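So the structure is just underneath, and the comments pick up after that.
Per-chain numbering from 1; labels A, B, C and D assigned in written order.
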Amino acid sequence: MDTWRTAIVDAGPGHIRVKGYDVLDLMQRASFTDLIFLLHHNRLPTAGERRLIDAILIGVADHGAGAPSCAAARLAASGNRASLSAAVAAGLLTIGDEHGGAGSGCMELIASGLARMASDGSSLTAAARGVVNEAKVRGSRLPGFGHRVHSATDPRVPVLFALAEESGLARDGVRFARALEDAVGELITPLPLNIDGALAAVLVDLGFPPPVGRLIFIIGRVAGLSAEVLEEHTREKPMRIKIPVTYDGVAARPVGADPCVGSNREE
Amino acid sequence: MDTWRTAIVDAGPGHIRVKGYDVLDLMQRASFTDLIFLLHHNRLPTAGERRLIDAILIGVADHGAGAPSCAAARLAASGNRASLSAAVAAGLLTIGDEHGGAGSGCMELIASGLARMASDGSSLTAAARGVVNEAKVRGSRLPGFGHRVHSATDPRVPVLFALAEESGLARDGVRFARALEDAVGELITPLPLNIDGALAAVLVDLGFPPPVGRLIFIIGRVAGLSAEVLEEHTREKPMRIKIPVTYDGVAARPVGADPCVGSNREE
Amino acid sequence: MDTWRTAIVDAGPGHIRVKGYDVLDLMQRASFTDLIFLLHHNRLPTAGERRLIDAILIGVADHGAGAPSCAAARLAASGNRASLSAAVAAGLLTIGDEHGGAGSGCMELIASGLARMASDGSSLTAAARGVVNEAKVRGSRLPGFGHRVHSATDPRVPVLFALAEESGLARDGVRFARALEDAVGELITPLPLNIDGALAAVLVDLGFPPPVGRLIFIIGRVAGLSAEVLEEHTREKPMRIKIPVTYDGVAARPVGADPCVGSNREE
Amino acid sequence: MDTWRTAIVDAGPGHIRVKGYDVLDLMQRASFTDLIFLLHHNRLPTAGERRLIDAILIGVADHGAGAPSCAAARLAASGNRASLSAAVAAGLLTIGDEHGGAGSGCMELIASGLARMASDGSSLTAAARGVVNEAKVRGSRLPGFGHRVHSATDPRVPVLFALAEESGLARDGVRFARALEDAVGELITPLPLNIDGALAAVLVDLGFPPPVGRLIFIIGRVAGLSAEVLEEHTREKPMRIKIPVTYDGVAARPVGADPCVGSNREE
C-alpha cells in the first residue's frame, strides 16, 4: 500500500508536531481555539481572530436538548449506553444542509458575490441583489437566513458582527452578508441572517474556504452533544424515550390477498 | 409534541403489521428479500422480482476487506470493540456518490433520458447520446460506469441483466442503460457499466424511485460489513491496523516564531 | 503497511468469491438470506435454517417509526438530506445493550447455562435457576426478557419457536431459553421472553457465536431504517421534528457573578 | 409525548442560556474551553483549570493521519464527499476502550483506588499495588498505560503533570496515577502512563466523573478529524485509498458442491 501523505501532523516515537509546532509547546502556551484555527489554517490566530472563533464555537455549541442533533444523540445514548462515541456521532449525523450546515452554503454565496464584484465591478448592493435574484429564479433556499426559533432576530448575529467590527476584522464578507440581508428583505421577504449566515461572513473574512463553515459548526456542536449524552446517562433511564406515532397506511390485509405471494409460495 | 405519521409499520401491544401484513404471517411465509421489497414498495414481489432483488443484494454485499466501507468498519471494530453497531455504522458512512452510491445517480440519469424520450419522441440512441453529451459539457462523471478493480467488465452486470431478461422484467431501464453504455463508448471512451449502473437499470424497471439505488446498496453491504466486523473481532487483536503516513507539511518551527502568538500570550 | 488477511471475500479483476463461492453463481441461485448465513458461517443454509433466518430478520426489521433506531434515523434524514447512509447509520447507532442488542447477551447466558450442564451434569431446570439466581445476586438485568410495548407476550416468540420445532432445529438453545423463562417467573417475576431472547435461542441452536445475536438484529433493522428514511424524505419537510423540552437547571445568572470568570477575564 | 427535561441549555425566541449564562455574554467574554468546562460542570473554570483543559484538548486532538480515527474519517471522506459530518462521525466511531477511550477506564481505576484509601486507610503505595494486583489476577489490561508509538515515554504526560503542579491543581488523582505507574513497573513490567492516563488523573483532580475522560478525548479529536477530512477533500481524489488484502479462506468451490444448496434450489 502506498504511504499516505499529510501536511497536518507529524508524529513518531517521542514527538508530535502540528503544522510544525511541537504539541508540547502548544499544550503549554496555546488555547484549544488556537489549535482549531491552526489545524484549518497554516498559522496561529491573532487575539482578534481567536475571539471570533471562540465566539462562533460558543454560539453554535448547543441550542437545547430538542434540536435534531441533540435529540438523536440522546436517542443513541438511551439505547446504546456502552458507546459514548456512538451517541455523539449519531448527533453529528443530523448535521447537513438543513441543520447546522448552512454556513458552508452561505460562504459559497458570499464568495460568488464577491467574485462578481471583482470581475464586473458591480456594487455591493447590485451583487447582493444579483445573488438573491438568482436564488429566486432557481427556487432555491438562501442558506444562512431564517431560524425556526429566533424568527425575528437571531440574537447571536449582532454580537458576532460587533466583535468583528471591534477587532477590525469585519471586511467584505460581513459587508456582503449585510447587503444580502437587505436584498432578501427587498426582493423576497424580510428574513434575518441567522448564526450560520453570520459565522459564514466572518469565516470568509478570516480567509477560510467554504467547508469550514460546516466543520466549525461540527466542532462547536460536539461539545454540546457530549454534555447532552452525559446528562442522558446521568439523569435518565435507558429506553425512556417514546415518540408517539400514528399509522395512516394500508389497512390490515392477509398475506394470501396478494396474488403474487400466493403463487410465489407454491413454486 | 405532534404525533408522527407513518405508512410503514403499525405496532402496538400484541401486534406488528408491515404495510398491512401481520408480521407473524410474513415470518412464516415470506423471505427477508420479500420484506425488503415490501418496505420500499406497497406490495410483495413476484418470483421474478424477488430473484432480481436477491441478485442485487448478493452482488453488492461484499467486495473484499479493503473496500472503503469494509476498511472503515474494521478500523472501528479495532478501536471500539464494545459497539458492533458503531463499527457497522462507520462502514456505512463511507457510502456516498463516490462509493456504492452511484446507483441513485444512474437512476436519475435513466429517468431523465426516459422522460426526454416520452416528451420529445427522441429515439433510445438519441436520448442516450443527449444525456452523455450533457454530462460531457458539464464535465460531470457518469454514475454507474467504470470500476477501479473490474476495469474491463464488471462480471456482475451481464448476470444481472440476463436474470432480468429471463424473467421478462428487463424493460426501458435496462435498454436505456445499454444505450448509455454504447453512447459513452462512442462519445467519451469505452467505459463499462458497473454493478451500480446495472442495479439502477433494473430498479427503474421494477418501479423504484432513485434513492432506492443507494438504499439497496446499503442494505446489501451491511450484511458484508457485519461479517467483516465479526472477523476483525475473531481473528485480530485490537489496534492492529497501522497506516503508513509521510508528513510533507511545514517544517518544525518554534511557537515563538509566529509573531501573533508571542504577542497574544503576553496580553 | 502489512497486507490484511481475510477469509470472507476474494475479489480481483473479473472475479468475486464469497467463502469460495463465485458471486455470479450465488446471484443466480441463492437468496440474500442464504448469503447472510454464508457470510457468518462457512456454508450455505438448509431450507429449514433459511426459514429461521428469514423469520428472524423479518421479525426485527421494523417496529414502528417511534422506536429509538427509527426516530434517530428520521432526525438525521430531516437535518442532513444529502446523505442517506448517514441517516441509516444514525439509526444503527442507537442499537446496543438496551435496544436491539439483547440477543447477544442472551446467547451468552444460554451458552453459560449449557456449559454448566455439560460440566457438572446439572439438569436444564437447575442450570436455568442457577443462571437466574446469579443475575439476581449481581442485580443485573436478564437480556432477552420483557418488552416495553408487548408487556404480556411478544407475539413473535411462539411463531419463531414453532418454526424451529417444525423443522427439527429447536435443540438445547430453545429448551434452555424456555427453562430460563420459567425460572425468571418463579425466582423473580413473570417476564416473557422477547424477540431478542427467542432469536438468541435459535441462533445458539444454529451454531452461531454470541455477537451474531446483535449483528443479525442490525442486518434486519437496516431494512426498516432504509424505509423509514425514504418515507421521511418523501412525505415530510426538512427540520419538521420538534421535541418539547423543559429546562430545570440553574437560574439565569450574569457571567460576572462567577468569581472565577471575573478574575480570569481581568488577567 | 412527555416533555424532556434538561439542565444544560434553555433556548427560546430571542434567548439562549447555557447553565444560566446568557450565550451572548459568553460569546463576548469566555473561551470555547471555558464553555466546554461549563457544559460538563456547573461553573466556569479558573485560569489554572482552563489551562489544563486546553492542554488536554490540544494533546489529544490529532496524532497523525494514520491513527484509526483519522484513517476512518479519511475513508469516509474519500467515498462519501457530500457529507462532512458523516466523515467526522466515522472517525469518532473508532473511539472506544481500545482507542482514545482509556481515560474513562483509568478514571475508574483511580477512583476505586482513592475509595480504598479512604475506606481502609491504606497508603497510596498499597492501594496502587492493590489495584494493579487485581487487574493482574483478572488478566485485564490497565487502561492509561502504554502507547504503540511512544513506547518509552509519552512526552505529553510530564508536560501535563507539570502544568497541573504549577497551578496547584495536582492532587490525589495525579499522585495516585504516579503510584500506579510505579506499581505496574514493579508488579508487571515497566509500562509508562500515556496521555489517556495523564488526562484521567487531572480530570479526577478537577472533579469530573469517569465518562468525561472519553468525552474530552472525543471533543479534542473532532478538531483533528475535521482538519483531516478537509485535507482529504482538498488534496486527494475520491476513492484513492486501496488497502491490500490477502484471502486465506476456503478455496474456490462450486455452489452445487454444497449438498444443502443443491437440494434447496430444487424444492
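Everything that follows uses one rule, which is that a residue touches a chain if its C-beta (ideal position, glycine included) is under 8 Å from a C-beta of that chain, and two chains touch if they have at least 3 such contacts.
Note that the coordinates shown come from a computational prediction; the quantities given were computed from them, not determined experimentally.
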Taking contact as defined at the start, I'd like the list of chains shared as neighbours by subunit B and subunit C.
A, D
Over half shared numbers or under half: where do the identical copies subunit B and subunit D land at their interface, same or different?
same
Based only on mean CA positions, could you tell me how far subunit A sits from subunit B in angstrom?
26
Distance between the centres, which are taken as Cα means, of subunit C and subunit A, whole angstrom:
32
Give the residues of subunit A that touch two or more other chains, as numbers and ranges in rising order.
1, 3-10, 26, 30, 64-66, 80, 82-83, 85-86, 89-90, 93-96, 100-101, 241-245, 247
So in the complex, the part of subunit D that touches subunit B is made up of which residues?
1, 3, 64-66, 68-69, 71-72, 75-76, 78-83, 86-87, 89-90, 93-101, 148, 238-239, 241-245, 247
Residues of subunit C touching subunit D in their complex?
1, 3-10, 17, 19-22, 25-26, 29-30, 34, 42-47, 49-50, 80, 82-83, 85-86, 89, 93, 243-255, 258, 260-261, 263-265, 267
Looking at the complex, which residues from subunit D come into contact with subunit A?
1-2, 4-16, 18, 23-24, 26-28, 30-33, 35-36, 39-40, 53-55, 57-59, 61-66, 74, 83-86, 88-90, 92-96, 100-101, 104, 149-153, 155-156, 159-160, 163, 209, 211-212, 214-215, 218-220, 222-224, 226-231, 233-235, 241-244
